[in-house]
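So that we are looking at the same thing, I have put the structure below in structure tokens.
By written order: A, B and C. Residues from 1 in each chain.
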Amino acid sequence: MHTVDLIDVASGIHAEGTVIDADTLRAAGRSGPLVSLDAWKIRMKRLRGGMSDGVDVIDVDNGHLSLSVLPTRGMGIWRGRCGSLPLQWESPVPLPVHPSFIDPSRRGGLGWLDGFNELICRCGLAWHGAPGTDIRRDDDGNIVSEQFLPLHGRIAGLAAHQVTARLSDDGSIALTGVVDECSVFDNRLRLTAEFVTWPGASRFTIRDRITNLGSRPAEIELLYHCNFGSPLLDAGSRFHAAIRQVAPRDARAAEGTDRWDTFEGPVSGYAEQVYFMEPVADSDGKGLACLTDPDQAAAVAVRFDTQTLPWMTLWKNTQAVADGYCCGVEPSTSLPNNRQFEREQGRVIELPPGASRDFEVSFEIAETRDAVQNLLTQVQELQGTSSCQVRDTPLPGWS
Amino acid sequence: MHTVDLIDVASGIHAEGTVIDADTLRAAGRSGPLVSLDAWKIRMKRLRGGMSDGVDVIDVDNGHLSLSVLPTRGMGIWRGRCGSLPLQWESPVPLPVHPSFIDPSRRGGLGWLDGFNELICRCGLAWHGAPGTDIRRDDDGNIVSEQFLPLHGRIAGLAAHQVTARLSDDGSIALTGVVDECSVFDNRLRLTAEFVTWPGASRFTIRDRITNLGSRPAEIELLYHCNFGSPLLDAGSRFHAAIRQVAPRDARAAEGTDRWDTFEGPVSGYAEQVYFMEPVADSDGKGLACLTDPDQAAAVAVRFDTQTLPWMTLWKNTQAVADGYCCGVEPSTSLPNNRQFEREQGRVIELPPGASRDFEVSFEIAETRDAVQNLLTQVQELQGTSSCQVRDTPLPGWS
Amino acid sequence: MHTVDLIDVASGIHAEGTVIDADTLRAAGRSGPLVSLDAWKIRMKRLRGGMSDGVDVIDVDNGHLSLSVLPTRGMGIWRGRCGSLPLQWESPVPLPVHPSFIDPSRRGGLGWLDGFNELICRCGLAWHGAPGTDIRRDDDGNIVSEQFLPLHGRIAGLAAHQVTARLSDDGSIALTGVVDECSVFDNRLRLTAEFVTWPGASRFTIRDRITNLGSRPAEIELLYHCNFGSPLLDAGSRFHAAIRQVAPRDARAAEGTDRWDTFEGPVSGYAEQVYFMEPVADSDGKGLACLTDPDQAAAVAVRFDTQTLPWMTLWKNTQAVADGYCCGVEPSTSLPNNRQFEREQGRVIELPPGASRDFEVSFEIAETRDAVQNLLTQVQELQGTSSCQVRDTPLPGWS
């Protein structure tokens, strides 16, 4: 194993300009598969100018799949490419935005959207979902606490204070970033975010751990906002997932339940439609969702550990391309409603002091018709004989 | 033509320390007037420390007139000098402030003022004017949207992601900066801000373009907050403009309508007086306003295209020097009232998808009595025989 | 005297990496005691990565006592060490946080806590204390102004634009930082913060000056939030101070008045207890408060000029170590209540235009039992025959 510290604030390490590749491993006297493969590379750079000023970008290229990780934005993944397939969407916000340019409480708590353009973005750790006030009451109905929670939590606007690249003897290429979401008289949560890929592979895995470093139980919520635009998304693209039931979030989504899993082309003024799902899991507890392009010639599959991510949200945001034509596939610990509602439904995790919770989401890109069919077969097999109930109206308890 | 990219986030360009002058043009094998003139220079630096940390400053010196452009603050112009005449005011905020130190919603929406010290500062793009809530209703009176709009909009707190210097064969020296004011589920507006001057000239021009990159119509408002302090402003300075009518904004301004266009010396505790005007335009659509010093030995003239900037505001802020003794000459698309009011008056521009609107404001510094007289003659000629109505009280529909 | 400019935004000075020590003085041709002593050093670095990105740290080591000053956070003192004794507390926020990551209005005005981890942190300059709305009324009861004031003011989130190191012929080592807390249509206050220590000494002094640079009277409030954790603070640690009276802030603090000056070990979920005091001063106007460790083998003494800092607050925050086990010893101009209340009690300073107010707080670390006893004797002598009234309940007019 070979590790390289890329960022470590406490040690004064900030390895801007660092390149790690087979050459640097050889120079370091390493052996193993990564030394004999030449096409992979890790490179860390810092953006300067604009609202991107000070954003660190770590490009990880496994020789076939490349992704840009953003330590400055909670270890989110800005965008990528798999072979010739772009993995991204065209957000109205074109470049990575430094959190210092974001005021989450702006626009009634929607300020988070001023920097939203990632392929994969975490929402959490203490809450996610629509902005709103979370009121807690005691058994007598007295207000215990009251806090306005802006959209999607703090984590995407917090920066990793420690990032390490790890080249393992098994040939895997990994980045680990540590992000603290903490304050005085508040939670003390730590996200240890791991990104792993393999030379030449069309897949990568996110393995996250949230640890409660405080002395008291802490509520946590986590959602992976995985966003795909063109060319994966286009008129005729479809969402495939093994699920027990799906329900529209609201009246707007209910308008489209008959075609909830198919996508239109870009429509200016299209109002987002959001569907909530309860996934089916395999014997290992893994759920599976796919987005196929119109020709079923390419697809992305999202596998997620339903033991910690038991919910799935589909965000249909097929607005005009100029406005951010996009589809979100979002495994999560709870549904993206206000935390107060989620708590009442028993979906908010209460993490004991010192305890950790692990999360895993894997992504696989299918680049041929066969590979797409193989994925769809897997979805069918996972669905098996269990029925999938498609509800016409919002489900009480879900929204 | 010779162009130099000074900032381009997407290309990894941030040319801190760059100097462009006749020598660098010669070294690049260029010819033309700028190569044979030695006194001009463009220099980009980055401020470090204090609340200025990370602010880029591009000093443009045409050999006689120098100005400091701030890409990090929406391409505003911090301050300048024309010959021996300082072009600036002494704001209580002494140095350029990085937007990350500004919270616009602070102090009831007046946080913008924490960084306000520019000679020329744009207010916009989606709104300008006093903080307040903009409520839109449908025809039945139902609330369609409700948003708190802090003072003067976002643009002065957004940073240009692309800046280019352009040295033209006609001898002009220009900077172009691109600033995006955008979000998801919101406007996607682009400001392309151009600053042009000429070797040895006592003048410069701002040519701006706002483009609606979104797929739906977008409301825009723009105001050029052009601020002059000592020595141009002093007891006995006067404002001269060809106008159809002028009205006080409020009761406070109405107290001073009989001397609305003359300035006092600094008065501690002076409460600002604001006057709104409808300018007269020449056959090219150009309006003209001047500020003369007490001796009429120096003046600054502001010419503006009334086709897109049909309104003029005079901000008399003759507080103590320590508190920011200053006068604002402010051509604009609409009056600096809450956007809801301006919309009701039909003054908010609705920019179609893909459409652009151009704005031009030129500045000319008169450095001799003759030059001042020449400007005043131009104002008189423009006013011509049309009457100028000075209202004693606020005009319904204007405030 | 030898001075070195470390930061000066206006002059383009930002001396990252600078080291000042006996060698550099010798190289500069200096003589005097600091040249002949080798163990002291000043070093300026900039943190990169995480939420610390862009924070400047100036380590001052007198050979025995070292402290890390943070120009980027209002010249606060992050943490230190005296001999083998750590001077710090373990905040849930582990590293210095750049102000651009802080939104003071977050969490109902508690956002300041997102960056709170200093040994010594100033609260002020225009207000300190709990978040709340300050309403001013005229004699007829009409509201003159209304402003929401988030926790503890702006100063800890403002950066020094000028910092100088000064090595004096008397052998003292000093840092001076200038921080402006100003805005347009608001106060224009300047903090000139001086930190002084002496080679090999176990003490340091803070000498601050607040100047009203505006033309009108300005209200100021200042509190030194001096925070001590383990090992000085542990079960059995005691607070010793010469005081006229002490009162609990509220019902929670009243629960513990019988043991108000003793400390428990860490208790998960411990709700803070706060005590307000009126100190006794010596003939020079100096007050004295000490925190002794459980064995009275080490202590820290805080001496403060009661002519400008007539109040003392003890913050007992003996939560779990993981949650920030800490004790605050806080000399101040006024009590840390909402400014409106403090104004009504006549405790808010109104600083005339151009006037300054000086503040001095000295810290002395006792490292032996004898030194601790000597401090306690000083407290007893200062208390002398004057009685110390310990109130069981909050004192009207104090909270």
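As a convention for this text, a residue touches a chain if its C-beta (ideal position, glycine included) is under 8 Å from a C-beta of that chain, and two chains touch if they have at least 3 such contacts.
Please read these numbers as outputs of a predicted model, since none were measured by experiment.
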Interface sides of chain A and chain C: same vs different residues, half threshold: different
Degree value of the rotation bringing chain B onto chain C, based on Cα positions, nearest 5: 120
Rounded Å distance between chain A and chain C, as computed from the means of their C-alpha atoms: 41
Of all residues in chain C, the ones touching two or more other chains: 54, 100, 103, 105
Chain C-facing residues of chain A, complex: 7-10, 12-14, 16, 54, 56, 71-72, 99-100, 103-105, 146-148, 157-163, 180, 182-186, 188, 213-216, 353
Chain A to chain B touching residues, read off their complex: 45, 47-54, 91-95, 98, 100-101, 103, 105-108, 110, 113-114, 116-117, 266, 268-269, 319-324
